[in-house]
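Got some structures for you, see below.
You will see two complexes here that share subunit A, one where it goes with subunit B and one where it goes with subunit C.
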Partner chain A sequence: MTSQTTRTNLFGITFPKGRVRRLLPALLTLVALVLILLICGTLQPRIWSQIGFTLIFSPIVALAIASMAQMVMMSIGDIDLGVGFFVGMVTTIAATLLRDTPVFGALALIGSVLAYAALGAIVQLRGVPSLIATLGASFIWLGIGMVILPVPGGTAPGWLSAYVFWTPPFGIPVPLVTMAVATAITWWMMQRSGLGVRFRTLGSNPAALARAGGSLVVTRMLAYGVVGCLGVAAGLALTGEIGGGDVNAVPGYTLTTVAAVILGGGMFTGGRAVAWGTLAGAVTLGLLTVLLTLLNLSSNLQPAVQGGIVIAVLAGRLLVERVAR
Partner chain B sequence: MNKFVSSTALSAALVTAALLAPPVHAQEAPSVALSNAFLGNAWRRSMITAFEEAAKLAQEQGQISSFQILNAPGENSATEQIAQLRALLLDQPDILLVNPASPTALNPTLQQACDLGIIVVVFDSSTDVECVHIVTNSFGDWARLSTQAVIDAIGGEGNVILARGVQGSPPEIEMYDVQTEILAEYPDVNVVSEIFTFCDSARAQEAILGILASLPEVDGVIGCGEGLGVVQAFQTAGRDVPVVAFAPSGRALTFWGEGNGAPGSVAVMSDPGQGVAAMFTAIKIYNGAEIPRTTYFPPVVVSDDARDAWIAAVDDDEIASWQWTQELVDVQLAANIAGDVAGAPLPPVPVR
Partner chain C sequence: MNLRALNGMPPWAWSFLAAVLVLILTYGISGQGDGQTITLALTVAPYLVLVGLGQMLVMTAGPGNIDVSVAKVFSLGGLLSIAVAESTGSWLLGLGAACGVGLCMASISVIAILLVRIPPIVATLATSLIASAISLTLAQGFQGSAHPDLRAFLNWSPLGVPAFAVVVAAFTLAVSWILARTVWGAQLLAFGQARRAAQFAGIRATRILVVVYLVSGILAALAGALRASFSAPNVELGNDYLLDSIAVVVIGGTLMSGGRAVPLGVWGGALFFILLDGLLNLIGWSYAGQNILKGFLVLTVLFLANGAPLIAPSAASATRKQPLSPETEPDEAPHE
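Now for the complex of A and B:
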């Protein structure tokens, strides 16, 4: 296969075509990210400091990790419409059970990961479209969260708050480190481990996976389990950020994470894993709020500008993909 | 008359108090930032419009040095508002006014703002963070004003429907307690039905149409702003229109002004001008005044006789709001300090 890799010519250097197609959209998003950050930094020079970076990046950590979960889901060709409420449910568990009875709380979190794996089995065995299964599951997450905390409240475990608001020496901004570590682990798993290969094959060519002797059910369950783990991590990050639990904290994550994956070069059809691209996508979407705040635009213009920037990046991606073809 | 005397006495007391209190920041006017969780309904838009007008005026008069208004993107998302507030903290405004997406999720961020020495006032909501001041309308007042108006209009006797708010929500429970308390004082007022309308006109219309045929003559509907739908339901059924509680939106007021709704009807809602009240309260705090942590301001009340003046002051797609000024806020704060919020005079009808 490798011998027949088609190559593409870019700025006089030739690259394997597949890699170009995979990486160019993410590069474009990265350029947008850097531009937005530069504009923000010009408007508010205090950003260029440990405290500045911590302030503007810490609200994005949970979104970035939740986007990793969505990216794994989309790499196997599924879409998760329940991730927003799942993350919300995790915050309610973390702010009550995990704080008061850590063992019980940890068991509850492990249980929710297993529930995700079971969801994967249902999707594979019964042929239920993932959209339907995860949408249905989202109401279960919502219900459980409502039972645990009918009104938003609770308190984040001390160690979690301490971590989120930690200012380590040498000017290291904690949120950037957290995001980079989460992304690196996801990247390693998806690109460098056998598990990742199986996930991506399940997304692009399930028949090939079955012929190679892989179990479709087990692979899908593992993938959903990984999504659940990342969802739990995102929920913990969010709990520290909001200082408590609220099942309705981030219903918007469901679609924002899909947008982050697409901005990062992912596809709805599966088979493509873009961990670093997704990180760039999530941070870009998160920084838009900061940019709009610093620009101090008229209230009525803000949503339009936000939408305009996302459309511009996606249109740029379309253009870039055409050039790369 | 009595109210007048007490308000004058209170403002006199307040002026003396202000003279005695040491001015802390008196040298320069503060900068103000308002963070709003979302812009998706008429109430929030009216709140922003009212604040923009008042803040511009306050800036011209030198009460504040500058102001900015920020609406978080999305549908009332706490995380978006947290991101927005964090970016605002870099700016370090002197005063931060917050209409929060959630009464709990912003707590760590509000604490951070306090730690940076910013005066934080949350309005139209509450929070547990100790360093934050809260400016809000009391739901009890809202229920008291609307219930009393309807009972007075029907002469203290007759059949009423009790229209309740959002099922199971804490504000509804608070309002219901006040309503039952007042109704207990009027044994001749007979509650013929209780329905949940979510304070929403369309839901009320549906609910009333469903039960109306089984009800005797209804003289009044005690509720929280669903009057428009109630009146339409009675008109559809061909029954005599009762005394109702409208929402003070331009549309409902105009509908009322066209002769719909029995005489003595009322319009009550929490005040979109709370943002302005919060700003003037924060300026007092900035200047070193001792203000209770939570201060209550009156909801908007439109009575029969003031109705036409209000219609002239409220646009069709707006919610009516009090036009707070530093003087009016001072009077209200004094009433809060004296522990007599219910006795405080209402502000005058706005003029535009």
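Now for the complex of A and C:
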């Protein structure tokens, strides 16, 4: 074998070690996803239809896109603890300003993306940990969202509802289309564009990026801007799903998205972008809720089972990784 | 103003400076300088300080270490301690039960982190999910109130100084002493500064991580038990304490990247937050406005007080932390 890469032996076939390390976690998550889906399908055969799929996947769309945002954040080595309230704030803007005065609404959304980029500048220039900077910002998102809509309300813009209720041909469920498009764009940006290379370099070796002539501040601001854009997209998806705005709709996203990225094979240290893995992670976590509902489990116990399964999946990954080595 | 001189301030001073500033503003606006404001702040602050001290120890253990389960463990501790105290008639047993459940919850985190090698933020997230499930089950049809003796103690403030605050202050000093004077304290700081070097020097990761996470869990549950005795137990009692505990610790000067713990700063940060809430209530800001201002203030304090000097030593610094000092070097993957 002439290849210089270290190889690892898995089930009798050899693979480049780096690729295995990158893809294995996502693959395991995918197995868990398929298992959960099969169990759901056995319990309730009616989900095997366009309507069934639309119903079980539509609550997951916003989570999947928000997880993409978290994935971009983690690829540069940062963590976003404000994404839950940011998505909530976007729903309040979308359900009021964007519907009544589309121009102002769009400006507000652009403004919030710029605010995210400014946050990136603070993190870079002052060496503030991203965790705490985004945490501070989350208070601001929460406050703004409460100013716009003190109580949940508003209505989703017409075009957004029209899209959510659209029935594509060939029996394809809309949520799958949305998730696949969002993931494909993120994947292309992170793996195939120069921007993605700069983001990943910032995460794995910032000194190298600086020596190669890239500006750390600009790169981090761009990355935060992308996170903001994805956050806005997630917020719009959520508005279409819940049909209104509520800043407190999904505070749990903050930590669930982190779990989704980790399940998808992401790392806290940065440098690794796993768009499709993150999608698998987010869908797995979302489907768990569906499964637990189908199992008629007391809603009080659901969080515990969810926590247990996250630990179990990660423990399984550790086992398989040991075997693969 | 000479900005360079500001860099020489002790790390905890910033939080107290901010707290005093808010206090002066409060006095200026209310037009009366009585000790009532301080007494009230000192009555509410200790709970946040207890949670913060645990969070501080966890963060000191190095990059990536954080305990996001404190909020749910806090609520669980509160519910359980009231339930146990109600059925046995002894508040001491109630507090003991809270400590016990905190220990159990933290054990789950520790096992997940050390044996399953799950990153702490996900491991403690799983723990918090489990804790919240137990709380929700426990809270069904829950009725109970705090033991009168304990409540009386928590409300007792001779000469305007709450006795409970004095106890927690003494505990804070004890934590400072442990960090500064004992072998374990030195090991924790060394471990947080450079994990690999510390391990080469013979410091065992388990010894550090087990202790910090267990202490954090116990403190969160205990603080929850006391807070529930002070007001009333509730599933959502702890929710504010997660973000607040992290913010307060960092505002207090503890390094998020580990290796520097500032127990005194936790007090400053907690007083700052609580006085700020009081001030905003005083001038009649809505909860929404309070959150916006709180966010901006947290960012401002971070902007002014964080580790990087206000004036960079040289423009050539390539990384966002000073590249030459070993303790701020970007660490290798700590949980790989």
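Of note:
By definition in this document, the second predicted complex is superposed on the first by the 313 of 325 C-alpha atoms of A that agree within 3 Å, B and C clash if a C-alpha of one lies under 4 Å from a C-alpha of the other, contacts with A are read in each partner's own complex, and residues count from 1 in each chain.
Criterion: a contact is a pair of C-beta atoms (placed from the backbone, for glycine too) under 8 Å apart; a residue touches a chain by one contact, two chains touch by 3 or more.
Note that the structure is a prediction, hence the values are computed from the model and not measured.
By the touch criterion defined above, A:Gly52 reaches subunit B but does not reach subunit C. Touch counts on subunit A: comparing subunit C and subunit B, the chain ahead is C.
Contacts of A:Thr293 after superposition on the shared chain: subunit B is touched, whereas subunit C is not. Contact with neither subunit B nor subunit C is seen for A:Gly196 once the two complexes are overlaid on the shared chain.
Of the two partner chains placed by superposition, A:Gly88 touches none, neither subunit B nor subunit C. In the overlay built on the shared chain, the residue A:Glu241 is in contact with subunit B alone; subunit C does not reach it.
Of the two partner chains, neither subunit B nor subunit C is touched by A:Gly281.
Once the two complexes are laid over each other on the shared chain, residue contacts for A:Pro157 go to neither subunit B nor subunit C. In the superposed model, A:Gln302 lies in contact with both subunit B and subunit C.
Note: residues 300, 302-303, 306 of subunit A belong to the subunit B contact set and to the subunit C contact set alike, using the contact criterion stated above.
Partner subunit B is touched in their complex by these residues of subunit A: 40, 44, 46-47, 52, 55-56, 58-60, 62-63, 151-153, 161, 164-165, 238, 240-244, 246, 249-250, 252, 286, 288-290, 292-294, 296, 299-300, 302-303, 306.
Within the complex formed with subunit A, the residues of subunit B that make contact are 36, 39, 48, 68-75, 77-80, 82-84, 86-91, 102-108, 112, 170.
Put simply, subunit A touches subunit C in their complex at residues 79, 81, 122-124, 126-129, 131-133, 135-147, 150, 206-207, 210-211, 216, 255, 258-259, 262, 267-269, 298, 300-308, 310-311, 314-315, 318. In the complex of the two chains, the subunit C residues touching subunit A come out as 64, 66, 68, 112, 116-119, 121-123, 125-130, 132-134, 136-137, 140, 243, 246-247, 250, 256-257, 286-296, 298-299, 302-303, 306-308, 318-321, 323, 330, 332-336.
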